[in-house]
Amino acid sequence: MERIGLAVVGAGYWGPNLVRNAQQTPALRLRYLCDLDMDRARGVLGDYSTVKVSGSLDEVLDDPEVHAVAIATPAGTHLKVALQALEAGKHVLVEKPLAANFAEGRRLVETAEERGLTLMLDHTYCYTPAVRRLRELVRGGELGAIQYLDSVRINLGLVQPDVDVLWDLAPHDLSVFDAILPDGVTAESVAAHGSDPIGAGHACVAHLTIRLTGGAMAHVHVNWLSPTKIRTMVIGGSNRTVVWDDLNPGQRLSIYDRGVDRGVARTADREQALISYRVGDMVAPALTEREALRAVMAEFADSIADGRAPLTDGHAGLRVLALLEAASESLRAGGTFVDVRQEILA
Amino acid sequence: MERIGLAVVGAGYWGPNLVRNAQQTPALRLRYLCDLDMDRARGVLGDYSTVKVSGSLDEVLDDPEVHAVAIATPAGTHLKVALQALEAGKHVLVEKPLAANFAEGRRLVETAEERGLTLMLDHTYCYTPAVRRLRELVRGGELGAIQYLDSVRINLGLVQPDVDVLWDLAPHDLSVFDAILPDGVTAESVAAHGSDPIGAGHACVAHLTIRLTGGAMAHVHVNWLSPTKIRTMVIGGSNRTVVWDDLNPGQRLSIYDRGVDRGVARTADREQALISYRVGDMVAPALTEREALRAVMAEFADSIADGRAPLTDGHAGLRVLALLEAASESLRAGGTFVDVRQEILA
Amino acid sequence: MERIGLAVVGAGYWGPNLVRNAQQTPALRLRYLCDLDMDRARGVLGDYSTVKVSGSLDEVLDDPEVHAVAIATPAGTHLKVALQALEAGKHVLVEKPLAANFAEGRRLVETAEERGLTLMLDHTYCYTPAVRRLRELVRGGELGAIQYLDSVRINLGLVQPDVDVLWDLAPHDLSVFDAILPDGVTAESVAAHGSDPIGAGHACVAHLTIRLTGGAMAHVHVNWLSPTKIRTMVIGGSNRTVVWDDLNPGQRLSIYDRGVDRGVARTADREQALISYRVGDMVAPALTEREALRAVMAEFADSIADGRAPLTDGHAGLRVLALLEAASESLRAGGTFVDVRQEILA
Amino acid sequence: MERIGLAVVGAGYWGPNLVRNAQQTPALRLRYLCDLDMDRARGVLGDYSTVKVSGSLDEVLDDPEVHAVAIATPAGTHLKVALQALEAGKHVLVEKPLAANFAEGRRLVETAEERGLTLMLDHTYCYTPAVRRLRELVRGGELGAIQYLDSVRINLGLVQPDVDVLWDLAPHDLSVFDAILPDGVTAESVAAHGSDPIGAGHACVAHLTIRLTGGAMAHVHVNWLSPTKIRTMVIGGSNRTVVWDDLNPGQRLSIYDRGVDRGVARTADREQALISYRVGDMVAPALTEREALRAVMAEFADSIADGRAPLTDGHAGLRVLALLEAASESLRAGGTFVDVRQEILA
């Protein structure tokens, strides 16, 4: 099979990771690292690389040996860069979030579909062994009916100048929810509370409450100001509850046979609710350690080769965008629940 | 000094702890354990006790050697039991929450004040060495301006038949907030989100967002369904941030010199916001290990002897009640912010 | 069934725990707390107790309603106190270690056997739910062949004036080894290394290496000077390895299907060793929380009532003594391996 | 300044890390990756590298643009490869251990000294920010007199075919001891206990007890068979005790003001030892996160440029070898203490 020629666009924070992992993916042939700041691109590649540096997106897209583009530029530029790439007939892998807003994201999805090109989101966490297993546990039914989800992602983080903590961090949590929830369970409405205690100009601490189809509640806590780092997600089910602690490499997933069950006792003259408690064992499944971004690259290459949608396709990116937009509207409205757009999200 | 004669009312979940700690408090003389179910009371005292069992509150209150009553009955009975005790001229220590609603609580506070009697809340956590230190750190100014508070109290807990998880667990968090926040910083409004995935009839998982005077946000997460136990509070300040992990006996408090600072750079033609990061040391102060309920008993005895208000007096109980009532109203209203009553809360 | 009349002797560090748990054991009737320092004994019982205080062991042993004695005096007095009790026809529960040396311990075992009385060691850890399960896992064969044991018990501990850290702390580890190892696997020899960096007059830090029947090695690290507290035991088996972390109440036991296996590959001309790795799941079994000392009391009462040997009988105490004596001899000899006495240890 | 031309020899387990870090060190110019298995070397460099692959050490050493060699071949080959490099006038960085035995190591040290070349050990841990700080804490006197050291390095590790667990893992611990201990404090004798429960042909679990100048004891526990990973070192001092937990990135060092002090009380007629306990705060100093191997490369380049001995020079390597040899002798002798060679170790 011929290797897929790839250009990485953007040599900032995330670009170097794309460059490194692309080079380790046999199905890809990295041809360019493209950045307006060519010195920065050269610095990323180092002194020993045969990969070309370019300061011109036009030049890169004109090269017929470039079949695909991986975009790691700021979200505000995604529409322009990705659209130009798609219109040049290139497959596109794009950093989260898909675009600066839902309308722009939808335009990218539509363009990719019209042209039969792959549009994939780099929802990196969805490709970790832990989330792969979470997806199996939830969708395979082992957890039972999903009762609640709770995600905490706090750290002393880089305060972004252009986006708030919701747009910066919550896409991670929301894309994982999107990947693991069963078909037919989607976010219906969301309420967001935030605060900006340091005067950054936008929320640095935020809480999202999401109402899912069927009534379960999901909650996300993101925080740039925490002195300690926590990255934990709990998914409560009627049969099992699983805790994902991404900072515990020796025990990332813990599956608990613990919970509260409600039954009904029927006596001669009445029915009575009975609460019982399961206090069973915990199982921490063995997971292979693997760099998720390597799997992202492989999925990108495979979906291009097979002409199929990737696991995290443009629609997944659009669903995350729809949630973020509704959350921002809730934030502006003082925390009321706001409906999440459901159009073309299937 | 003569010892203060005490009766404990209620031999259920918490009463035995009151009995045990009262017996170890030199300033108190435990005379009765009172419960309608006298066998239960006898079981609590065991086979080797000289403390009297009574099934009659009247009998206990008629005894002139009983000067004070500690009440550990369900919240719905607090008004009746505590009122009767106050009207009999007895000092009262009452389990949280003060009463079933704000109006009942206010009546107790007013009655105690009219009669010059001590009315104290058993906000046990406020008497732990950790919260004592938190109070000093916050009120003494070491943390700087308070930027946010975040409290998580989740566990596989007893699903209560008569109250939801907010009324069951959040009084702990709210009473600690009340004890440590500086004078003049109070809860202005609260939004509550909850869910009842097991069909218990009321919320088993809940999130509170509280707007404080001055704009800081406090958040509380309480959950009866979690397979793992977490009891953590983070208090973010402009100078230091402290993490209280109540389940880590060797390091309950961690004080971080880490955070985000915002300054302003003035150049010839403009002002520009500058974000800087402090990444300094962490200090875990040595704390003595001491049973908090012992300190509750000592404070109750001392405040009676000195004729002064205890640290957690009726007003503190009333402020917690006001917050809980507003939270319940928010829950019913679908999560909107609801103002917290501020009357006679000083 | 008539309740067994009990006297607790010794109101120092451990005595109060015996008093409290005896009172909560229905099969026992606590009659005396006996201590030369009667004020100390009165302080332990508190102001509300009907239990008698005595300053005279003779008085206590003369009382025909005392059928059994629980001894919590210093080890150096065990021979005298326990012998007097046995000779008075009383069953005896004694704190670890059984006696100050092997000869004294043997005399107690022989006396109890001659008189048909129960002699039980308060090897408290052996009665925790965790060690009960460890015993099942090891003796039931689930772990496979035992490959190694490793126990760490370090803390900022009370530096004892009369015994070194080995005699103070290692009895815990050694009694657990004794309780869980399969029949026929015993300590054959032991080497001990110790140091006394603070000039206490005896070892404050010590390491034991024990050679077991069959060749497996057990190691014990005890330390009075550590600023952090660790109480962990690892038991490596050919099928499973279990880690017991006594300070993690939510996950005291972790059973790992992880390990190294050695096979042999036979090719035409030679045999070759093959190393393979199992990297399977971990299971943390659900354990009930129960105070071990309550189970000690129940076992003491049951073994008396049934006329059978308790789980931790005098022979178990003697085996621990034999190991401690050999370890002390090794310490004096500069760390060489010293054989452990095997006489009447069955 | 001209960049130092470097060749990496050995493309196995560790070589790729040397290659990667050398490329990121401005003072170095990586010219070759040399391995008899040229395909393996090509695989390490990947498809995008301008670094040359060579299968011939002669070719590499003949190149006048190669000034230095970094050796990551098995220990048994160190003498041959390093000697050839030194004789060709190249500076040498060599993986731990320096050589297969003391005699070979000494020959390398002598050869380097005769020729005025840098001979540096890749004792990687010594270049972590944590160990740098440990070195300051110990040698700067903040800890006071060193009372004991305890290092645990256990994991499910690769069972090596040619060396036992001591030679595989303990060099890490011993090289750290060597780097942090004050001048004049060295290992005088060592006792080693080991076991081989899987039939690997050499010890898979081992314990070292080391007697240091002045009487303090150091202990090392290394284990290939543990299902859990622990990498912890405790350094007890008379003023402070520090715990280094290398697996806790947020709190690698914890400095405790906790300990046991011994004083003397003088009364009219006698002197009495007084034991007192310090139970003060703990401080976790902020450490920068930095890849240690980057600092190794920088130190190698700097020591060449400055003509000075590196922090971990050949003598440090020789001291570690002397300890390992004595430990092996103790293992063979059944665990007795064996003196450590002190010749030319200054």
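Just so it is clear, A, B, C and D label the chains in written order, and each chain counts residues from 1 on its own.
Following the convention adopted for this analysis, a residue touches a chain if its C-beta (ideal position, glycine included) is under 8 Å from a C-beta of that chain, and two chains touch if they have at least 3 such contacts.
Everything quoted here is computed from the prediction, not taken from an experiment.
Engineer: Moving only to chains each one touches, count the minimum steps from chain A until you reach chain D.
Structural biologist: The fewest touching-chain steps linking chain A to chain D number 1.
Engineer: Chain A and chain C are the same sequence; what rotation (0 to 180°, nearest 5) superposes their CA atoms?
Structural biologist: 180
Engineer: Name whichever of A-C, A-B or B-C reuses the A-D interface, so over half of the contact pairs are the same residue numbers.
Structural biologist: B-C
Engineer: Hey, which chain ends up farthest from chain B, C-alpha centres compared?
Structural biologist: Most distant chain from chain B: D.
Engineer: Using Cα averages as centroids, what's the distance between chain B and chain D in whole Å?
Structural biologist: Centre separation, chain B to chain D: 53 Å.
Engineer: Whole-Å distance, chain C centre to chain D centre, using C-alpha means?
Structural biologist: From the centre of chain C to the centre of chain D is 39 Å.
Engineer: Could you list the positions in chain B whose residues touch two or more of the other chains?
Structural biologist: Within chain B, residues 228, 258, 279, 282 contact more than one other chain.
Engineer: Based on which chains are in contact, what kind of graph results: line, ring, star, complete or other?
Structural biologist: complete
Engineer: Inside the complex, what are the residues of chain D that reach chain A?
Structural biologist: 23-24, 29-30, 46-51, 228-229, 250
Engineer: Quick one: in the complex, what on chain A touches chain B?
Structural biologist: Chain A residues touching chain B: 145, 147-148, 150, 156, 159, 191, 193-195, 197-201, 204-205, 207, 209, 215-217, 219, 221, 223-228, 234, 236, 238, 241, 243, 254, 256, 258-262, 273, 275, 277, 279, 282, 334-337.
Engineer: Show me the residue ranges of chain D that touch chain B in the complex, using the header's touch definition.
Structural biologist: 251, 257-258, 279-286
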